[in-house]
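Please find the structures below.
There are two complexes below, and they share subunit A, which is joined by subunit B in the first and by subunit C in the second.
And then the complex of A and B:
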């Protein structure tokens, strides 16, 4: 694709049960700011069925145009082909999506089809002299890289929680229905989709998160983490060892291979503070840590560190917080 | 079942890598090179498949001579053959460049071993750059089916039955062989080498391959920096838990946490 005629930002917005996922809406709001500064537009792409309501939400979040493509089921290769066709037709200078499993599957393939490059885990996007600059973590987030993509369009999958969503009811936009014919390209066929999570865990949007690690000792003690979360009106998080011990389902994992979170308050109980965990919660407003080892690395990033046994400290915390909450 | 596992050598992921303020590069001197954690999960998955279904495991990596050590380690935990695509500056390649080289390597190795791979396994991402794209792009270039983030794969009647981990649960995927998978951490850990397997690996040869023609990287790093550091707050210690918690609560209420 030639550089000269590429403009506007295309955002693929993933939907589940006809509802747009937050990640996509957050990106629309960011894209709106970037595009408006250039005098350009944001084109949202939604694929599925019954998407009229979702299209309106996308407009509220920042889309100037919403392209709707009707498809019943998700197939990676079909979605990849649709997005590639739309990019060829609309010639955006930037294609974005949330870094979900779907986003991280299709965007690199779309970039490959368009002989350009794709950045993933993007934490920030800036517009520098007409080039988009992407900030990405390396080595688990202890070092950051700013990178530019030399091909056109630039393609990037954004980390959850990187941007904030703003829904403006008064915004207006155009809804376009596109028919995109793709040959039957499916090589890996999805035969069953299983939802294992009894509850939906919204760690990304939680204001308070109470997380437990291996130091909780056993499943029974891990209940203390849940109780403390309940007392603070928070959501339960966990480290990988706590998940692997099956004290809590994997949807609660915080860190490099779990969720990236940024609550106002993060309470870490029996967590050592390994890079892979810390990179997922370092953006928290206020960090409280309880650990019996006074040299635990978690204390280097905690606003308040309590050196002590979780089994003794956490029940007291619960008691004190309940007192405050009932005032 | 004939399997190929793609390996990347990375700095030990348990070491916190900081920025060398002099060179403005990540400070990697003295950090032990290891096989990328997710690649070790892929190799373990292959080793278990070999135990059940037979066949051989080949490992391949792109890099300089230093990578041979990591390939030896793979030979000690289940791999039968090891190939190194010699490249002195593999760090300068983007995922597409690596996938291009691996595509040629797949054909070269299949020619040398006079075999066809049924399954190509990659880690779902590397612990250094975590771009999570090589497996996808390799499959795309080879025009093979691909499934990412998988925790199980099993051959059955000429197809591969794959379990892919999703945010909410999992998907069952069926793909014709050959296919490519990228491996997430399953609920088992990679095996350790034994003294005997290490000795045997040391005797094995690591064969060298030449890379494909270079494609220019689409990604250019323009700045390397460290995230804003958090300053440690206060650490409270006391022999009496009641007392520490009371102190902590007063600090938190003063900070208007509650």
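And then the complex of A and C:
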């Protein structure tokens, strides 16, 4: 693809049960600002069924055009082929998606198909001298990289919570239905979809997360984390040691090998702050840490650090919240 | 069954710092190890071999010292090892790395199954495996958490998705990127280590590749370029409170309320 005719930003917006995920909407708002500054457009791509309502939400978030492609189950090869075809047709200069499992699955392949580069875990995008510059963590977030992509289009998977979503009801946009015939490209066939998790844990979209780590001590004490989360209308998170001790199911894991989160408020209870955990939550708006070891690395990144016994502090906090809420 | 596992040598620790003056990455010593996620891929390969027979080969790319991780794979039970090593491969991003590995794999012959770990602990991109599959025109499945069924002509695996698990059936030859905990990796065996002490590791350079165009390798073949590397911002507005008791809980609640979180 030549540089000269490539313009506009294409955003793949992932949907679950016909609803667009916040990650995609946040990117649309950011893409809208980047595109508007260049006098270009944002093209959202939604794949699934019954997406008319989702398309309108995408327009409110910043899409000028929404392309709807009807497909049932997620199949990596189908989604990848659809995005590649649409990129070839619409010739964007930038393709973005949220860095969910699905986004990280298909974007590298799209980039490979188009012989271009793909940045992942992007925390910031700036437009500098006509190039998009992507800020990404490496070495588990210990250092950051600024990357540019020479190929066209640039492809990037964005970390959840990197950008703020703004929904503007008055915005208008065009909805386009595209037929993309790619069925015969499928070689990895989905034979079954199993909903094995008893509950859906939506850490990526949570505004408040209360997480517990090894310092909670035992399964019984970990219930305090759950109670506090309930009291602040938050979601329960956990570190890998807490998951491995089976205090809480794996779907709650925050960190490098779990979910990457960016709530407004993150309360870390009995978490020492290993890089693997911190890299998954450092994007949080306000971080409160409770730990009895004053040298714990979690205090380096916390906005408020409480050096104290988590098993004593948390019940008092729960009580306080309940007291005020009952007024 | 011919199985190939892609492995990488990574720094032993994530404790890296940026020199504030030169902007160059200071690595904490030169200690390195096998990318932990690759151990799961090797284990998966060995388990399949134990059931079906055949052989397990490993491939890596990097400087000569990366032979270390191939030797480690030998002491776990891998049969042959190949290292792609050439100064012209240096500075490669995801695209150039996956291209080089794909070229290397092509020159090594046909494999029924290629296995990769889900990601490395240094670059963290989780892209190289799927892109190798694209270059080799093979079907691939990522986030594989378990193997359901193993048949003559294909394999059925569980693929982890955010809220569900998809069961995917894929025919050989194919590539799988396996998640951690698919199987518990075995420890290297001392006996195997001694046995394989003198086993030769095949070294391939650009001259052994079908595509001899230098521009497709290393820094030249990399559309992604690092402009700058820098440490994340530290939080200097932090507050530390000591003790535990009613007052502290109240103070925290006030703070959280002041910021309108609850």
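By definition in this document, the second predicted complex is superposed on the first by the 292 of 327 C-alpha atoms of A that agree within 3 Å, B and C clash if a C-alpha of one lies under 4 Å from a C-alpha of the other, contacts with A are read in each partner's own complex, and residues count from 1 in each chain.
As a convention for this text, contacts are C-beta pairs under 8 Å (C-beta built on N, C-alpha and C of every residue); 3 or more make two chains touch, one makes a residue touch a chain.
Note that this is a predicted model, so its numbers are computed, not measured.
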Looking at A:116 after the superposition, I want to know if it touches subunit B, subunit C, both of them or none. Which is it: first, second, both, neither? both
Which partner chains sit in contact with A:233 here, subunit B, subunit C, both or neither? Use first/second/both/neither. second
Going by the contact rule set out at the top, does A:73 touch subunit B (first), subunit C (second), both, or neither? second
Can A:105 be said to touch subunit B (first), subunit C (second), both, or neither? both
Could you say whether A:139 touches subunit B, subunit C, both of them, or neither, answering first, second, both or neither? both
Applying the touch criterion given at the start, work out whether A:282 contacts subunit B, subunit C, both or neither, answering first, second, both or neither. both
Figure out whether A:176 sits in contact with subunit B (first) or subunit C (second), or with both, or with neither. neither
Can you list the residues of subunit A that meet both subunit B and subunit C? 100-101, 104-105, 108-109, 111-113, 115-121, 133, 137-151, 187-197, 232, 256-257, 265, 275, 282, 286-288, 294, 299-309, 312-313, 316-317, 320-321, 324
In the complex, the residues of subunit A that touch subunit B are 100-101, 104-105, 108-109, 111-113, 115-121, 133, 137-151, 187-197, 232, 240, 244, 251, 256-257, 265, 274-276, 282, 286-288, 294, 299-309, 312-313, 316-317, 320-321, 324-325
Where on subunit B is subunit A touching in the complex? 11, 13-14, 16-19, 26, 94-96, 127-133, 136-137, 140-141, 143-149, 162, 164, 166-176, 179, 184-185, 187, 216-227, 230, 232-238, 241-242, 244-246, 248-249, 251-253, 255, 257-258
Inside the complex, what are the residues of subunit A that reach subunit C? 16, 73-74, 76-77, 100-102, 104-105, 108-109, 111-113, 115-121, 133, 137-151, 187-197, 200, 207-208, 231-233, 256-257, 264-265, 275, 282, 286-288, 294, 299-309, 312-313, 316-317, 319-321, 324
Which stretch or stretches of subunit C touch subunit A in the complex? 11, 14-18, 25, 93-95, 98, 121-127, 130-131, 134-135, 139-143, 156, 158, 160-171, 174, 180, 222-232, 234-235, 237-246, 248-250, 252-253, 255-257, 259, 261-262
